Amino acid sequence: MNLTNTLEIQETFPDIADEMLKAQTKDVNLYYKDFHALKNINFAIKANTVTALIGPSGCGKSTFLRLFNRMNDLISGVKITGDVLLEGENIYKKGIVVDELRKSVGMVFQKPNPFPKSIYENVAYGLRVNGYDHKDSIDEIVERSLKQAALWDEVKDKLKKSAYELSGGQQQRLCIARALAIEPSLILMDEPASALDPLSTSKIEELIYDLKNKYTIVIVTHNMQQAGRVSDYTAFFYLGELIEYDKTKTMFINPQNIKTQNYITGRFG
Amino acid sequence: MNRKRLKIFEKVFGAVLFSSSTVTSLTVLFIIVFLFNEGIGLFNSTPVEKKYQFIVSNNNTVKELSSKQLKDIFNYDITNWKQLGGSNDSILLFTINDLSTYFTDDELGANFENLPSKINELIKKNPGILAYLSDKYVPQHLEGHVIPLTKISIKDFVTGTEWYPTSEPAPQFGVLPLILGTLWVSFGAILIALPLGLATAIFMAEVASQRLRNILKPVIELLAGIPSVVYGFFGLVVLVPLIQQLFNLPVGETALAGSIILGIMALPTIITVSEDALRTTPTSLKEASLALGATRWQTITRVTVPYARSGITAASILGIGRAVGETMAVLMVTGNAGVIPHTFLQPVRTIPATIAAELGESSYGGLHFKALFALGILLFLITLIINTSVELIKSRKRS
Amino acid sequence: MMSFIHKRIKQKIAFSIFGLISMIVVGILFVILGFIIFRGISVINWGFLTKMPEEGMTKGGIFPAIVGTLCLIAGSMIFAFPIGVLSAIYLNEYLKENWLKKFMRSMTNNLAGIPSIVFGLFGMALFVNKLKFGDSILAGSLTLGLLALPVIIRTTEEALKSVPDHLRIGSYALGATKLQTIRRVVLPIAAPNIITGLILSISRVSGETAPILFTVAAYFLPKLPHSMFDQAMALPYHLYVLTTSGTNMEASRPMAYGTAFVLIMIVLIANLLANVFRRYFGKKNKMN
């Protein structure tokens, strides 16, 4: 089912009221020079859920994810049309301050990318660049964020140590803690477990599940099982188009589109 | 058959390649060998040209004289042997030109046949005498003794505060003023070039659009391509008069002029090396910073520059290296006074400028010539240290 | 909210300052070039380029200096270009990562870092005195050639590195030998960049003064060299002489501006040529 407007989204998810939508896109097109990378995407993200974006590589899912914190702006030659709403406000309208927007949208990247600083300073970074400098409250937030990221017990005795002394999985949880510290209203995760071993991956997945209570999460993944395990909703992208978007359970049991079916069953991808 | 010939040719070509690289690699060693070969003779040689002797009375207890002491005696800064650890006799300086003060032409004889005995007489009579004589005037049955001169040591060379390589009878080979002059000018240059260069590098790597960068890059290359003698010329006709007027100085040729010109000349090195270093900062780190709400400027100061720190250090060291070794421009604008500088508004003389200015006048194989090669060794060692430290910084970064 | 405005203003100020500084750096170049071109161009005429210096170098031209510099360029490149290119081929195509390669590479780097005046000293000790070439074009060319070697090696190595490995492997797969692969596959692709390196080192060599001070340069020699064992005048040294030790420095100032102009032109044209070469052939290679 190709969703072309918000009305259809409402029809698909009658249980979603407007105020429950964390973010929305309306007729979004993205061009990279001559390449039409995202084609007329209409999409909605429900608050306090995990939404998975799946599809073969190059389908535009990562580009779509980066719409919500305007990371695509960093690439020259990108042109975007349509509206992207975050809590009802168009984040591409004039007068939006990009770094202010990014403060309210956290992001976790494919490979763990902690700064070459101490564990403490990594988590405090977002606070510092946004002008918080009250030491006690920073201490408090760092501790809270590390606890939320299920990392506190492992690092509480070595906060001053370099983040590079942590294992890959710990580093990725540190990056999640770093994103949580600025209390984002939306968290974007770009294949957050793809560079990790199975054990670390399952820890990250548990974490994502726990965070749902407080945050809204969009996760890009190429791992079907992962999408099935952690997400409430799943969207399937193909060649820059949103092919199908539904509750994860529905989509995995009974995909509407033959392309979705082929992808989920592993016939291409 | 053809195949075989090909193989032989292949082998020969390999040998040619190998010898080319060997020539290149060995050049550095050759340079070291030849510099040392010419320059090392300065050390352990007496500071006075051969064929001259210093003679003192037999009662004189002073063991030896250094070049510095000789100079002080000839300048009447030292007037008593007591000051040199000898007995309390005032020093009587005697050179062949003083003959007529002591003896009449008759006394010396028509063909100076009495000269040896008269000199002996003089030495015997004056316990405080210091006679500076050419070998041919030294009497055969000397009533005094030749006082040995302290040999030039590496320590004296490096720590000596006076550079008068041609002064008679006691040339001074102290290179401290030249070392300090070089350092003053070089650090002044880096003081100017580092902020400008770093700012430009950051601008090019992180701020400017691709199009602006495509304009800036060739400009920087061109700045590197201008010959140093042209920089010197520009400095001499534009900068030097400007400095003279601005600070109301007797001469505009100053350390400041040298630093400014060298600073401009060091810019391309600093910009290129720092920009390369800044570009090695992984995009993922910059993205992480931006995604946390940092501005691009905050990302630059908190992530990009700290990450590139070692590369930027290497850039500054290389810049200093450029400045230390630069010859012509400095020679033309710094005034070349061989004194230890106290302000940037004084003329100074650097090591390379000294070599360039004086080698032409020195006689081949003489002390002065050797001293200039010794300066070359010093300069070579300084740049070797600089290059090695840059290599070390780079390799530490890699691991 | 305050802090947001604050940090954005900070960014704006910082970027403006940095942009301004970059413009100053560009400005410095244009001031220097502009000054010399503006003052020099009025001196330039056919006579200036083709006449001998006259009347204590206050009149006439700079013909012998131009010829001398051309001789030095040719002499140094005949020596340095083949050795440099061959060394680079050996370093990049033949040597594996081992101590020898490390040693040779670090020696080349060290050679690049040696001040030009030290090359002058070395040239005087070896070529002028030891090998008894005397002050001659030969001695000067060899000295300048040594100076240009690391430049040529570095640019050639970069050119060779930019040739993708799969082309080499493809050639080997067809049964070509190493030498055939280098000659028929690697060198044709790397050639434009190697030539760019050659042009840039010519520009470098033409402006160097310190290495020729004691190996070739004549203060005043109003005739052309006849063999490579003759002394010669050279443009950069001539400029130095005119500005600092001419017989009548005020009167020879226009001559100095003219000489500086010619030097600048050599550098400008060489840089322009190198850039054109790089862009034109760079594009062509990409399209293939």
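Chains here go by letter, A, B and C, matching the order in which they are written, and residues are numbered from 1 within each.
Criterion: contacts are C-beta pairs under 8 Å (C-beta built on N, C-alpha and C of every residue); 3 or more make two chains touch, one makes a residue touch a chain.
All values derive from a computational prediction rather than experimental measurement.
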Quick check of your reading of the touch definition: is the inter-chain graph here a line, ring, star, complete or other?
complete
Just by CA atoms, which chain is the most central one?
C
Between B-C and A-B, the pair joined by more C-beta contacts:
B-C
From chain B, which chain is the farthest off, judged by mean CA positions?
A
Please work out the Cα centroid separation of chain A and chain C, and write it as a whole number of Å.
53
At what distance in angstrom does the C-alpha mean of chain B lie from that of chain A?
61
Using mean C-alpha positions as chain centres, tell me how far chain B is from chain C in Å, no decimals.
25
Going through chain B residue by residue, note those that touch at least 2 other chains and give them in order.
295, 298
Two or more other chains are touched by the chain A residues 99-100, 129-130
Specify, in ascending order, the residues of chain C that touch 2 or more different other chains.
7-8
Of all residues in chain C, which touch chain B in the complex?
7-8, 10-11, 14-15, 17-19, 21-22, 24-26, 28-29, 32-33, 35-36, 82-84, 86-87, 89-91, 94-95, 103-104, 106-111, 113-122, 124-126, 129-130, 146, 149-150, 153, 177-179, 200, 203-204, 206-210, 213-214, 236-237, 239-240, 243-244, 253, 256, 260, 263-264, 267-268, 270-271, 275
If we count contacts the way the header does, which residues on chain C are in touch with chain A in the complex?
2-4, 6-8
If you look only at chain A, which of its residues touch chain C in the complex?
97, 99-100, 129-131
So in the complex, which bits of chain B are touching chain C?
6-7, 9-10, 13-14, 16-18, 20-21, 23-31, 34-35, 37-38, 195-197, 199-200, 202-204, 207-208, 216, 218-223, 225-234, 236-238, 264, 267, 271, 295-298, 321, 324-328, 331-332, 352, 355-356, 359-360, 364, 372-373, 376, 379-380, 383-384, 386-387, 391
Within the complex, which stretch of chain B touches chain A?
209-210, 282, 284-285, 287-295, 298, 302-303, 306-307
